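The following pair of complexes shares a single chain, subunit A, combined with subunit B in the former and subunit C in the latter.
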Partner chain A sequence: MNYIDTLLSLVLLSILFSFGSSRLPVLIRVIGFQGVVVSGLPLFIGNDHSLGGMAFSLITILIRGLVIPLCIYLIIRRVAIRREVAPIFGHHASMLAWLGLIAAAAFIGNKFTLPVATQNVLLMPTAIALVSGGLFLLMGHRNAIAMVLGYIMMENGIYLVGTTFSSRTHHIVEFGILLDVLAGVMIMAIILQNIKQTFDDVDTDLLQTLKE
Partner chain B sequence: MLPSMLFFLSAILLAPFFAALILKVKAFFAGKKGPPLLIQYYTLIKLFQKGSVYSTSTTFIFKLGPVLSFCCALSALMFLPVAGRPALFAFRGDVILVLYLLALGRFFTIAAAMDTASPFQGMGAAREAYFPIICEAAMFLILILLYVLTSNLQIKAFFQGGQPLLLWHKAGSPLMFVVIALFIILLTENARVPVDDPATHLELTMIHEVMVLDHSGPDLAFIELGSFCKLFFYAGLVARLVWPFETGVPALDLLLFFLALLAVYVAVGVMESVMARYRMDKVPKFVLTSFALAFFAVIVTLELAK
Partner chain C sequence: MVELIALIPFITGPMAFFLPRSAGRLLLILTGAVHLLLSLLLWTYRPLPMLSAYFALTDVGLLSLLVISLLFFLISFYTRDYLKKSGIHFENVFCGSMLLFLGTMTLVTLADHLMVMWIAIEATTLASAPLIYTHRTAEALEATWKYVLVCSVGIALALLGSVLITIAMDVGRVDVPVSVSALTGEAGNLDPLWLKIGFVFILVGYGTKMGLAPMHTWLPDAHSEAPSPASALLSGVLLNCAYLGIFRTHKIMTAAGLGAFSGRILMVFGLISILAAATFIVKQNEYKRLLAYSSIENMGIIAFGTGIGGLGAYGALICLIHHSLIKSALFLTSGNILLNYGSRLLKDITALVRRMPGTFLAFCGGFAGISGFPPFGLFIGKVMIIMGAFRGGHYVAVGIFMASLSVIFAGFANHTLKIFFMKSAAEPLPRETAGMLLPQYLLLLTSLILCCWMPEGLSQTIRNAASVITPGGF
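== the complex of A and B ==
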C-alpha cells in the first residue's frame, strides 16, 4: 500500500461525498480536491522529471485545484440564490449507485492494457469511477451549476486516464485540453448568468418553456 | 488462563468507570462540573439494593430479558483480547459466535420490551431491530476484509498481539475506513448520540432507552452493566486498531492500551457534545455510511491483493 493508492482511494471516497451532499460549496471543494490529486499525480508516477514537465504539472494543479473551483464559486456568488441543490435520486439510491459504480470500476479497470505499466492498481478504477461519477452527477441534477461540476468531475477522470497513456508528448496534449476546459467553464459561467437573468433561477427544467 | 481471567474481570470492573468518563466529557463541554467518575458504580449499587416492580401484563420473558442480555454481553467480553492479551476463549470462527451472542442479547431486550404491551416499547423495539440490521451488514463486510487480509476467522488473528500492526502494514488505507466504520457501528450498537440520545426524556424520540423504561431495580442494573460491557467490547476493538503498536514491555502496553481506550471514550463524549441527535429518518443514512465505507474498504483491499 503506497501513498498514491491512499490518495486515489480518498478520491474515490470524495465521489461518495459529492453524491451524498446537496450543498454546492461542498461539491466545489470535492471537485477542487480531485483536481489537485489528479493533476499532481504525474509528478509522482511519470518518468518525466524535466523542469518543463514539473512546471506543466504545477500549472495544471493551479488551474484545476484553484482557478476552476474559484470561478464556479464566484458564479454561485453571482447567480445562485439557493445553495441547496436536491439531487433527483434519493440518498440511499445514490449510495447504492456509488457502491455499484466502485465495484464495476474495479472490475473493468483491470481489463485495460495500459501503454505504460503502472504499479498503482487503483489508477484505472479511479479514473473510470470519476468519469461515470461525473455522468451520474450530470444526470442526477437539474441545477445547472451542479451539472457543470459533474462535467468537470468527468474531465478529471479523463485526465487521469490520460496520465497513463503517453509519457512523452503528454503535457502538450493535456495542456491543450486543460485550456479547453477552462474556456468551457468560462462559457458556462456566461450561459449560467444568462439563464439566471431570463428565469431568475438556474434550474434547467425551466429551459423547456423556451419557444422560438 | 489466570491472566486472561484477570483481564476479563478488570474489563467488567472498569467498564462503568469508562462510561462515566463520557458523562464527564459532556459536562466539560457544557461548562459544568459533571458527576463524579464513580457515578455509575453508585448507580449500580443503588439499583442492586432496590426491589423490582413487575407489571401484571408481563410474563417470565420480561424477567428473563435483562439477565440474558447481561449474560450475552459478558460472554462476548470473554472473547475480547484486552490489551492484545489472549482472551479467555478463542477458537475458529469465534467472531461469528460473538456477533450473534450480541444479537441474542438484543433479541431478548426486544422480546422483553414487547412483553410489556406498551406501545412506546414496541416502537423502540422496532427501531432497535431495524438499525442494527445495517450494522450487521457492515460488520460482516469488515469481517470479509479481515478474512482477506489474514485468511483466518478468529478475533485472535485480528486484534491480539502484533496482529493489528500487521493489518495496518498490509492494507493501511482500507483499514482507516474500517476504523471509521467500526466507530459508527459502536455508536449505533450502543445507542450513543447521533443515533440515539441516552439522556433524552421523551419516549417518542428514544430507541434503546424506551425499551428499558419498565425495568426497575436489579433488572435495570443488569441492563446498565450489560450495556457498559458491550460498549467496552466495541471500544476495545477500536482501541486496538487505533493504537496497534507493541512496545514489548507488558505494563507499558497495558497502560497504552487503556490510554487508547480512553481516547475512544473521549471521542464518543466529544461526538455527543458537538453533535445533535439525527432525525429518525436520517439515522439509516448515517448507519449506511458505515456499510458504504466497509464495502469500499473491501473493494480496495481486493484490488490491492491482486
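== the complex of A and C ==
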C-alpha cells in the first residue's frame, strides 16, 4: 500500500469517527482534515505540476481545510449553539451503517476500472464513501449544523472524484466551483445564525410550520 | 456583446445595495430595459461570444434568455409599485438580489461549458436566497433554509453527474473541451455507462432545482414565502434555468444514441411530478402554494414532453414559454390579493370579482391560461405533447397524463371559483394601480398573441431546439 492509500484509509476512518462522535467541534475537525487531504491529493496524483496548479491546490487546501470549517466553528461560538448532537439512528446503528457503506463503496469502486485508480485502489471507494457518508450525516441528524457538515463532506467527496479522476477542467472553472461552495457555506452559516436567534435552537424539528 | 448582457446586472446589482429606495427601484427598471434590448440584439445578430470555450448562443438558450428579459422588464415595473405598497424594510437588499439573480440566470442561458453551467445554476440559488428571506419571518427563514439546503445538495449531485461525464470522456478517450457543443459532436465516442450514470445524477440534481417530484419539497415553501415579484421570477424563469441543464444533457444523450434511455427517465419523473401536484392541489388551502404546485405540474408536463421527443418536445418548449408568461402573471396577481386581503388562505379571499375587478380579470385570464384553455399558448403545447405521446405509442403514460390534468383542473377550478364568486358583505377594496395590473395584462396578452400568431423566426428556433433532443431529428 502506498502513502496515498494510507492517507485515503485515514479519510475512511475519519468518516467512522464522524458517525460515532456526538460533539460538533470534533465533526468540524474531521471535515477540515478531509478537506485538506482531498485538496492536497492532486499535488501527488495529477499530471499538473505547474506553478499555477500548485498555487491552486494550496488555495483549495486553505479554503476546504481551514476557511470553511472555521466559518462553521465561528457560528457555533458566536451564537452559543449546544455542542452535543445525537444522530437519529443512534451511534451503534451509525457504526453499522459505516461498515455497510465501506463494503458497498469497495464493491462498487472495484466494479469500475479507471486508468488513474489502478495505482491507488482506495481512491474510488473513498470518494463513494465520502459522498454517501455526507448524505448519511445530512439525513441522519436533526441538528442543522450537522446537516451543513454532511453537505460539506459530500462536496469533499465530489471534489475527490473530480480532480483526481479527470484533469479536463481549467483552474479558473474549478476556482468558480470552489467559490460557489464557499459562498454557499457562508450563506448557510448566516441562515444558521438566524435560525438560532429566531428559534433559540438549531433543531430542524422546529422548522416544520410549512409542512403540508 | 454576449458577455455584456450578463455583466450589466452584476454591475448594477451591487450598486443597488447602496442606493436610496427610489433610485434602486429605477435601477431595476433601467437594467431590465437594457437587458431586454440586448436580448433582442443577440436574437437578431447572434454574435460569437468572446469566451467561446465557456459560452455559446444556442437556440434553447436564446429562447430562455428572451423570456427572462421580457419577464424581468415587466416584473420590474410591477416591483416599483409593489415595493411602495408593501413597506419591505431591506429594500436595497431586495433590489440588489433581484439584479444579481438576473445576472446569474443570464449566465445559465449562455453557458456552454458543463461546469460553468453548474456554477451559474448554483449561483442562482445563492442570489435568490435573500429574496425568499425578505419578510424576515420565522416561516420565511424556514423556507430559505429548506431552499438553500435542498437545492445545494441537489445541485451538488448535478456536479457529480457533470464530473462523471468527464470520466465518460476519459474512458472513451475523447479529447475535446467539456462543453455541450463539443460533447454533442463527439457523443458517439463517450463511454455509454458513465454517460448514463452522469445523466441520472444530473437529472436528479437539476431536477431538484426544477421542482420535479419527489425532489420538489423546497418549491411550495419558497414560492409562497417570497414576495410576489420574486415568486414570479422563481416560478417563471428560475425553473426554466434548471430545465436548461437537463435539456442540454439530454441533448448529449440523444447525440450518443441514448435518447430513449434519458427520455424514458424524463417521462417517469414528469408523470410523478404531475401526479404529486394533482394530490396537493386538490387539498390546498393557500393560493400561493396552489400556484407553486401548479408550477410543479407544469415542470412535469415539460419533462414528460421532452422525454417523448419530436412533437412532444416541440410542445414542451411551447409550454416552457407560455408557463413562464402565465405563471408569472398569476404570481404578480397573487401579490395584489395578498396586499389587499392580508391573508394567504384561500378561505379568506371572497368576492374577488366585486372587490378587486382588475385583479379578478388578471387572475381569471391566468387561470384559463394555466388550465390549458385556448386561446392561451399552453393549450397548443399540451395538445402537441398528447399527440406526440400517442404517436410514440405511450398509451398508458398519456392516459395517466390526461387523467392527472383533469384532476388538477377540477381542483384548481374549485378553489378559484370560490375566491372569485363566494358572496361577501365586505366593501370593495381600494382600486389597483395601473403599475400593478398592466404587467400581468401584458404577459397574458403576449401568451394570447403567441398562440394565435407566432413569428416564423421564433417558430423555427423552437423547431431547431426540439430537433436536437429528438432521436432521428424532428
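Note that the second predicted complex is superposed on the first by the 198 of 212 C-alpha atoms of A that agree within 3 Å, B and C clash if a C-alpha of one lies under 4 Å from a C-alpha of the other, contacts with A are read in each partner's own complex, and residues count from 1 in each chain.
Definition applied: a contact is a pair of C-beta atoms (placed from the backbone, for glycine too) under 8 Å apart; a residue touches a chain by one contact, two chains touch by 3 or more.
As the structure is a prediction and not an experimental result, all values here were calculated from the model.
J.: State whether subunit B and subunit C clash or fit side by side on subunit A once the two structures are superposed.
T.: Aligned through their shared chain, the two binders fit side by side on subunit A.
J.: When the two structures are laid over each other on chain A, which of subunit B and subunit C touches more residues of subunit A?
T.: Of subunit B and subunit C, C contacts more residues of subunit A.
J.: Can A:Val121 be said to touch subunit B (first), subunit C (second), both, or neither?
T.: Only subunit B is touched by A:Val121; subunit C is not.
J.: Of the two partner chains, subunit B (first) and subunit C (second), which one does A:Asp5 touch, if any: first, second, both, or neither?
T.: First partner only.
J.: Which partner does A:Asp180 contact after superposing on A: first (subunit B), second (subunit C), both, neither?
T.: It touches subunit C, and subunit B stays clear.
J.: Regarding the shared-chain residue A:Met95, is it in contact with subunit B (first), subunit C (second), both, or neither?
T.: It touches subunit B, and subunit C stays clear.
J.: Once the two structures are overlaid on A, work out the angle subunit B-subunit A-subunit C from the Cα centres, in steps of 10 degrees.
T.: 150
J.: Looking at the overlay, what does A:Leu13 touch: subunit B (first), subunit C (second), both, or neither?
T.: First partner only, subunit B.
J.: For the superposed model, what is the least distance in angstrom between any CA atom of subunit B and any CA atom of subunit C?
T.: Minimum C-alpha separation, subunit B to subunit C: 20 Å.
J.: Common interface residues of subunit A with subunit B and subunit C?
T.: No residue of subunit A touches both subunit B and subunit C.
J.: Name, in rising order, each residue of subunit A that touches subunit B in their complex.
T.: 1, 5-6, 9-10, 12-13, 16, 20, 91-92, 95, 98-99, 102-103, 106, 109-110, 121-122, 125
J.: Quick check: in the complex, which residue numbers of subunit B touch subunit A?
T.: Going by the criterion above, the answer is residues 169-174, 177, 284-285, 288-289, 292, 295-296, 299-300, 302-304, 306.
J.: Spell out the part of subunit C that touches subunit A in their complex, as residue ranges.
T.: 54, 113, 115-116, 118-119, 122-123, 125-126, 129, 133, 138-139, 141-146, 148-149, 152-153, 156, 159-160, 163-164, 166-167, 169-171, 178, 220-221, 224-225, 280
J.: Flag every residue of subunit A that touches subunit C in the complex, lowest number first.
T.: Answer in residue numbers: 114-115, 131, 135, 138, 144, 147-148, 151, 154-155, 158, 161-162, 165-166, 168-169, 173-174, 176-177, 180, 183-184, 187-188, 191, 194-195, 198-199, 204, 207-210, 212.
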